[in-house]
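As structure tokens, here come the structures.
You will see subunit A twice below: alongside subunit B first, and alongside subunit C after that.
Then we have the complex of A and B:
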């Protein structure tokens, strides 16, 4: 029983950590632009496919491919925000969020048009799991975990130490005050789209590394990513990490007493409970 | 005011001119004259591999029928919608086909959940539905005869699968099913048939779709120490499971439906992950003359069960409309068995059947997917199954039985 619980917690941490990367992107965009950008789903897919091209077509190893996934999704994110979502923002946040759903469907179909519907896999040797005292851990999962943690650390350092990061936090905390202090809100919006969607792309590829990818890769994970951001506190980056781990571990532990087909339901039931008692999420909505 | 009048008059003239042009336009004439048949296949989503091929098979028959003079003196045209392998868009698309295009038939739903959602829309609006969905519950719906399926139901499929699993020596079988209408009936049937054949179902679980990992589900299954796993899901989840099983070090046998482990899926996975896995599917009737005609028509060596079933739907629909001399859902319901079974002259294509009907003969359509004889509730009465095994990342044909 102890082994089983431990195994479920480890599986939950692995799943949650990968979920945390795009969840950080979602929450960062929300903190600065104040709308839930559902186009994150298609950017995760775009990243996954960009990484596939880098890995399979260009023969690049995984880490450079992940970087390529980040860059392509980031650039697409900036371009689509500039030309599609920015005009929506004048009409209000709800309209922008709905516009982002339309955008994600459009982009998903562009991916489908270029790559087709088939499932695709990265050029990656598959390895058997390590076993310790009845617990099994996958080498690929550990690598993904290390990459995800490194990315999260890089994002924290970027926000804490760099001038641009501080400007982003300032806009997220108080846009009006940031404006008075002469921070260019438009530039910050572009940077947050770049970083946020880049993280989505990187997260999409991380998800694909462990599985296979198709044009619906991002869409499938979107609900869990959104849940992670909301549970942690939409707008809070540490919150996104805590939220992702809560959703990941919560879903896995539910298997102890319920059939696996209720996994998501239990996950979302947990979300309801968290939000009933802490309507602003576990860590609140303290920006970034 | 007078300015307004002139502008209104001019506007009316412009509309009249446009209308006149439209009426004389050949494209519009064609649209008015064609006999429209609805197609609702999954062009995207989990069924995105089979849907487009089913569509092509139907288009090929439509082209052949049109080249031979059409149906009821009109050319047929297919109005195509994508069900996205998702009930909600599927219902919206079916409403469009029924309310806007006013088609008498919708052909092509694939996933059981989609068919279960679309079927009530069809029977309530007296539209005929043809499907490949296998869940037993589908033909048990109160569809009033407005539904046929060319796919064997779950009861029959699970029975054949259990017989096959036992025949290859598996003793301890665990079934992992995706959450779908076919999950529980399949597990129940396996637990009935396996013990009769010297094997047993030692456990089963139902999992959710769209998960990025199934490690915990696999752990749960392997704790029961099975020597064989029945993976009853769709391609996205079965692919993840195959990887997770390899990582977990499971070396026993695995069986899954062919739609969950396609040749494209094999390409996406390292060969060691799929080595030795069995696949099964309802087979086309590869010895039948209708199958030979389908091979020629589609220009491929080995049309699969879905392509042949799609061939049979549109053929059955065309022949029934010709028999009834009326293109309505109710006419299809009331007449389909008059051309699909019985003692009439055997025909193997829509064009052959149309010719025979024009000569006043009774016909019995024998399809590329099988005899196409239907029970009162719309199930087929018999069907063959094809078994394959993966060796070195490629499918090796085992048998059709």
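Then we have the complex of A and C:
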């Protein structure tokens, strides 16, 4: 029993770390642009498929494929934001949220049109799981975890040390003041779309590496990603990490008494529980 | 061909019921609900299960489906009462997905992703298929008319005035001595009842329901119907529903015109066209075909921060 719980917690930490990547993307976009971007789901799918093309068709190893997944999703993110979502933002957040759902369905169908509905898998070397005292750990999972942590560290350093990162934090904190200081809000919006959707794409591929992918990959993970961002407090990057680990571990522990099919529902109930007691998430809103 | 048009009419009627329900929740009370399809599913499943498993009369099934959807709506409103904006959007969307997950996994009850078939049709044994279609069109049209008249009257009532006040400024409404929570719950429950009724009627018409039917795209169709018709306008909900169903059906004829498409590609292209047109409508004509006159007692709020001052 103890081993089983420990195994689930370890799995949860791994799943949560991966979940943190797209959750950071979502929360960063929310912090700067102030709307819940449901288009994240399709960008995760696009990233997963871009990575698949790089990995299976071009024969690239996993890390360059992940980079490709990031770039493709990031470019699609900037372009669709510029031409589809940006005009909506003036009309208010709910119109933008509905628009982003429509966008996510449109993009998902572009992927379906090209690749069809079949399940697809990445070319991964087959490796034996490591075992310690009855606990199993897959080498690929550890590799994913290391990659996810590296990506988070890179995002953190980008926000803390670079000029653009500081500009992003300034706009998130106080758009008017940032404007007075001469920060180009449009440029910052484009960069946050690039980074945020790129992270979604990279996260989509990381999620897919564990199993198989299909055009609904992003959509199926959407509740968990949103749960992670909301639980930690929309707009807070440390919050997204805390939220992702909470949701990841929570989803795994639920396996003790629920069927695995209820995994996304656990994300939903975590959102509800946290919001009832802390309507702004664990770490509060806008602490980017 | 006539049969096809009648079936389209039934779809339009069911969409209109949903759009009318949404109009109360969103148009009048300004509450965000991206989980419409969840309440629709509750109505459909409850009515189908009661008639299939307990062999209750269809009328009881439909009533129970409507009632339970209202109850679920009230609970969702109660739980989410402190949430606003994006958080409410996420939670309601999550609610609908959760309903779908439950419907897919409680196989002993709902037959899982295979769905429930053989749902009883009212007078299904007495009528020929053509007669049944016509009868159902009349039934749905009657329901739409009743709900339409009721909501139209309601929109002129003090109740709707309070809802509008809450939508414009919750604090002011509460300072004026209105119990905001109670009004929000009532609006949500009433709208959800209409959604549940639509779901129950849908199940007894097609005689088959499955979790795949209750996807977020259906929620978008209803938003689209209301946006096309004009949010906050009772006529708009009905006109919008007819326009949307006509449009959805017409896309069926576009995909066969392109040679060399597989079935999956055709379906993907259709969903793509539908979602793109929603984006275009949202972008260029968000006030709808029938924009509400400013003197109408239910003027929809400009969403979000840029709320207009109330015009009483």
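The working rule: the second predicted complex is superposed on the first by the 272 of 288 C-alpha atoms of A that agree within 3 Å, B and C clash if a C-alpha of one lies under 4 Å from a C-alpha of the other, contacts with A are read in each partner's own complex, and residues count from 1 in each chain.
By definition in this document, contacts are C-beta pairs under 8 Å (C-beta built on N, C-alpha and C of every residue); 3 or more make two chains touch, one makes a residue touch a chain.
Note that the structure is a prediction, hence the values are computed from the model and not measured.
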{"item": "Clash or fit (per the criteria above) of subunit B with subunit C on subunit A", "value": "clash"}
{"item": "Touched partner set for A:30, first subunit B, second subunit C, both or neither", "value": "second"}
{"item": "Which of subunit B and subunit C A:259 touches, first, second, both or neither", "value": "both"}
{"item": "Which superposed partner A:7 touches (first subunit B, second subunit C, both, neither)", "value": "first"}
{"item": "Subunit B versus subunit C as contact partner of A:91, first or second or both or neither", "value": "second"}
{"item": "Contacts of A:112 with subunit B and subunit C, given as first, second, both or neither", "value": "both"}
{"item": "Which of subunit B and subunit C A:161 touches, first, second, both or neither", "value": "neither"}
{"item": "Which superposed partner A:136 touches (first subunit B, second subunit C, both, neither)", "value": "first"}
{"item": "Contacts of A:176 with subunit B and subunit C, given as first, second, both or neither", "value": "neither"}
{"item": "Candidates 109-117, 217-225 or 307-315 of subunit B: the single one with C-alpha clashes against subunit C", "value": "109-117"}
{"item": "Residues of subunit A at both interfaces, subunit B in one complex, subunit C in the other", "value": "112, 117, 259, 261, 264"}
{"item": "Interface residues, subunit B side, partner subunit A - complex", "value": "43-45, 48-49, 52, 179, 205-208, 210-213, 215-217, 219-220, 235-236, 239-240, 243, 246-249, 264-265, 267-270, 272-273"}
{"item": "Subunit B-facing residues of subunit A, complex", "value": "4, 7-8, 11, 14-15, 18, 112, 117-121, 125-129, 136, 138, 207, 210-212, 214-216, 220-221, 252, 255, 259-261, 263-264"}
{"item": "Complex contact set, residues of subunit C against subunit A", "value": "32, 34, 79-80, 82-83, 85-87, 89-91, 93-95, 97-98, 101-102, 104-105, 216-217, 219-220, 223, 262, 264-265, 267-269, 271-272, 274-276, 278-279, 282-283, 286, 302-306"}
{"item": "Complex interface listing, subunit A residues touching subunit C", "value": "30, 35-36, 38, 84, 87-88, 91-95, 97-99, 101-103, 105-106, 109-110, 112-113, 116-117, 223, 226-227, 230, 234, 259, 261-262, 264-265, 267-269, 271-272, 275-276, 279"}
